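I'd like to ask you about the structure that follows.
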Amino acid sequence: MNAMNPEGYVTADGRKIGGVLMEMKNITLRFGGVKAITDISFDIREGEIRAIIGPNGAGKSSMLNVISGFYVPQEGEVWFHGKKRAPMKPYQVAQQGIARTFQNIALFEGMSVLDNIMTGRLTLMKSGLMDQAMWWGRAQREETEHREKVEKIIDFLEIQHIRKTPVGRLPYGLKKRVELARALAAEPKLLLLDEPMAGMNVEEKEDMCRFILDVNDEFGTTITLIEHDMGVVMDLSDRVVVMDYGKKIGDGPPDEVRSNPDVINAYLGVSHD
Amino acid sequence: MPDQLLYAMEVSLNGLMAGIMYSLVALGFVLIFKASGIFNYAQGVLALFAALTLVGLQQGQIPFSHVINAIFGTELHSFGWTLPALVAIALTALVMVGLAWLIERLVLKHLVNQEPIILFMATIGLAYFLEGLGDVMWGADIKKLDVGLPQGISETIDAITFNAFGYGFFIDRLDIVAAVVAALLVASLTLFSQYTKYGRALRAVADDHQAALSVGISLRFIWVLVWSIAGFVALVAGIMWGSKSGVQFSLSLIALKALPVLMLGGFTSIPGAIVGGLIIGMGEKLFEFFAGPLIGGATENWFAYVLALLFLVFRPQGLFGERIIERV
Amino acid sequence: MFYREAGDFKTSYVDDSQTFPIRFDRMRYYAVLVLGFGILPFVMNDYWANAVFVPFLIYAIAAIGLNILTGYCGQVSLGTGGFMAVGAYACYKLMTAFPWMPMPVNVLLAGLVTAGVGVLFGLPSLRIKGFYLAVATLAAQFFLVWLFNKVPWFYNYSASGQITAPERTLLGVAVTGASTPAWAKYLFCAVFLFALAWLARNLTRGTVGRKWMAIRDMDIAAEIIGVNPLTTKLSAFAVSSFYIGIAGALFFAVYLGAAEVGEAFGIQKSFLILFMVIIGGLGSIFGSFAGAAFLVLLPVLLKNLLVGGLGWPTDLAAHIELMIVGALIIVFLILEPHGLAQLWRVAKEKLRLWPFPH
């Protein structure tokens, strides 16, 4: 396997990975005087499952926030689809086809599961205020079309039975699944998952792994995820970025990263000076 | 010195004095907001209620006499005694503590863990209730409040400024007393919160409810305490405002004046409440002095709000508030 | 028993997203329409129109408007009175400047003008959140009332500073002015309420409504999934102000006939509408109706009971009303933060199963 080949590579299990979808170049992010991310570069290829790992406070979530436009890095460039991304608001990033889930679930608690997932399609729905107000005609047609797509995702994630339940009443594991459904509903080109398995039991984790692999497989969605469970990361991902104290200390296929001495040090807690 | 400038100076000074009065009310808001995250809209009505109770007790009015008269057709009005001012103030303070306890019992206890905006709306309800209660208990007529505070023009300042500029400033002695009282109040509140056991508990609760609970601080006691203190601050504000302009419904509207003060100073900062009050007091008097005649006057009605609004657009956390970092 | 949804199957997503998915609800909705438009106009008299129905209809419009902003989009506003004043004064200026203009057009244009003003005062909502915004909307309230009070152009330089609605007819019947029949007032307002409630329902069940609710429930997450906070919040301010402006125009032109801005559209009005929304239910169109009905009826009932029944003085009754309204607000927030609408939903759940509890 050759990760540096610009045309892509073929994974051990025979999936074809394409060219570079997103590239982070020398990203540095500061909060006041504190450096959360220092000079990090890596790329994400089309069709790939890319993991970002590292100890707590390593800057993983900040990295994801930079990708989704929530934080603007002081230095560095973000390239998407071979073009340098101009500074933009998070909602504009979403409109470019980047969807995400959150570490602490960020669902709309006052709305039903169905409505929550429908919000994922907001970037794809076109009818305006006037169409909506009149309802009959364009707005209703659009609503129905998108509802069909959403129902497919509901089937796919096996949450038909809670379709009309207010999200606030759901248990944690299901909320995580609804959040994934909402992100999928946007039909993203790049899906960011921030600790999709945190706080789950083994069974729920297995389900979630299956969903992530299926999403990648069926829709060809590129996925970038942060996860603490090493077993999961090593099994799922094609390539792994390892961060520690805001710096990149390793990057490559799971096996390679596993044997990287810097990574072992960071995880086993060898002194840093 | 040109006259216009002298007048402006006098106006500014009076504005500062008015600002101190706003600060007094704002202080009560800040205390409750810090300790419980509740934006207490009823603070102004608390001041009205305190002033009404004080007058009623001082003049020996029979509470609820209107209702009793309406139901039984009697002609009750007064017990026929008058209490010394200090006794009446002490009794009113007790009433305010009792009220704080009741509010905790009947309202706050049931609204724990609700969203801040729900609590805010509950205090609007509380404001309505207390306003009605005050009127039903003591009658809605305008009352004169006199606890022996000095009033009228301050001769000293008049004389000093006359000697200095050839024009004597008009400063109400009551305003000077209010300034001194406000300073004392802030000083004692600071001492209380920094150096006593309860003050520490109060700050702990303000920082983090859960953590405070876990180290054994009784949230309910703290709430009664802080509402009592806020009630006491309201009493002081009520005395000052009541002595100045009589006890009537409009007194509760000073709460509305205190809101822009809070926006300016930040909801969590005691110094912010003071500085914000001074800025607003001086700003609105000066604006009225210079711009009022040109655009029809009575600009005090909105100036403070528009100032605070413009300010917030550029600095959403207020003058002294902490910087907000958003996270996901 | 009374409330059956078994056997009421949905075979398309269109069916599933209709306003009254349950047949029984649909029937009752038609019954209300027949009552409101087919029967009430024929039996309306002056007392019922002025004391109950017309204020109810107008407040319901205002409550739907505020509910869109506060209940659906989560932006608390205390400027409702000020925005109603904008609608009233816009309507007045239009009526007097263009006497030939049909009254419904005046009212709609007044709503549009208010929408514009609402957007202007909604701009700070992009930077200011929560209480800060609630307090900031007071700036709108006080500034607008002051403006209409102090700038004579707005009240056409009338000596009293009041605005008075001239008579305007629609299809030969007076709808404003002193000689308007009770049924015409009622019907004019009822048509507006019906149309506006229908539009509000459409807006809140689709894309726009979801954007609003997303901003309400978690604004940061909403932005990250692609909701533009600027246009979303401003659209809520615009639509809400449009409704409130229409309510203000009707309140002045049809209900009051003459108005003085501080008295008719003061801060008390802002609170009254907010209370309607809270008591009725945040985020519910039905709740807006329920809250408006409740707070229109309560004073009428209390007055009849205390003043008419027990012979108490009016001012005492007014103070007791204050206490009751205040206490009710607190009780509602404690027992049912979602208001009458939620109580109604719970009652329906119960009725579905009644008389078999399991």
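Chains here go by letter, A, B and C, matching the order in which they are written, and residues are numbered from 1 within each.
Definition applied: contacts are C-beta pairs under 8 Å (C-beta built on N, C-alpha and C of every residue); 3 or more make two chains touch, one makes a residue touch a chain.
All figures in this text were calculated on a predicted structure; none of them were measured in a lab.
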By count of C-beta pairs in contact, the leading pair of chains:
B-C
Looking at C-alpha means, what's the farthest chain from subunit C?
A
Distance from subunit C to subunit B - Cα centre to Cα centre, in angstrom
33
What's the distance between the Cα centroids of subunit A and subunit B, rounded to whole Å?
50
Computed distance of Cα centres, subunit C from subunit A, in Å:
42
Counting only residues that touch at least 2 other chains, which ones in subunit A make the list?
70, 102, 106
Multi-chain touching residues of subunit C, meaning two or more other chains, are 220-221, 224
Can you list every residue of subunit B that touches 2 or more other chains, as numbers and ranges?
328
Where on subunit A is subunit C touching in the complex?
68-70, 89-91, 93-95, 99-100, 102, 106-111, 115, 118-120, 122-123, 125, 127, 129, 132-135, 139-140, 142-144, 147-148, 151, 182-183, 186
Residues of subunit C touching subunit A in the complex
12-14, 17, 199, 202-203, 205-211, 213-214, 216-218, 220-229, 235, 239, 283
Residues of subunit C defined as touching subunit B within the complex
76, 124, 127-132, 134-136, 138-139, 142-143, 145-146, 149-151, 220-221, 224, 267, 271, 274-275, 278, 310-313, 315-316, 319-330, 333-334, 337
As the complex stands, subunit B meets subunit C at residues 39, 66-67, 70-71, 106-107, 110-111, 114, 116-118, 120-122, 124-133, 135-136, 140, 256, 259-260, 262-263, 267, 295-299, 301-302, 305-306, 308-309, 312-313, 316, 326, 328
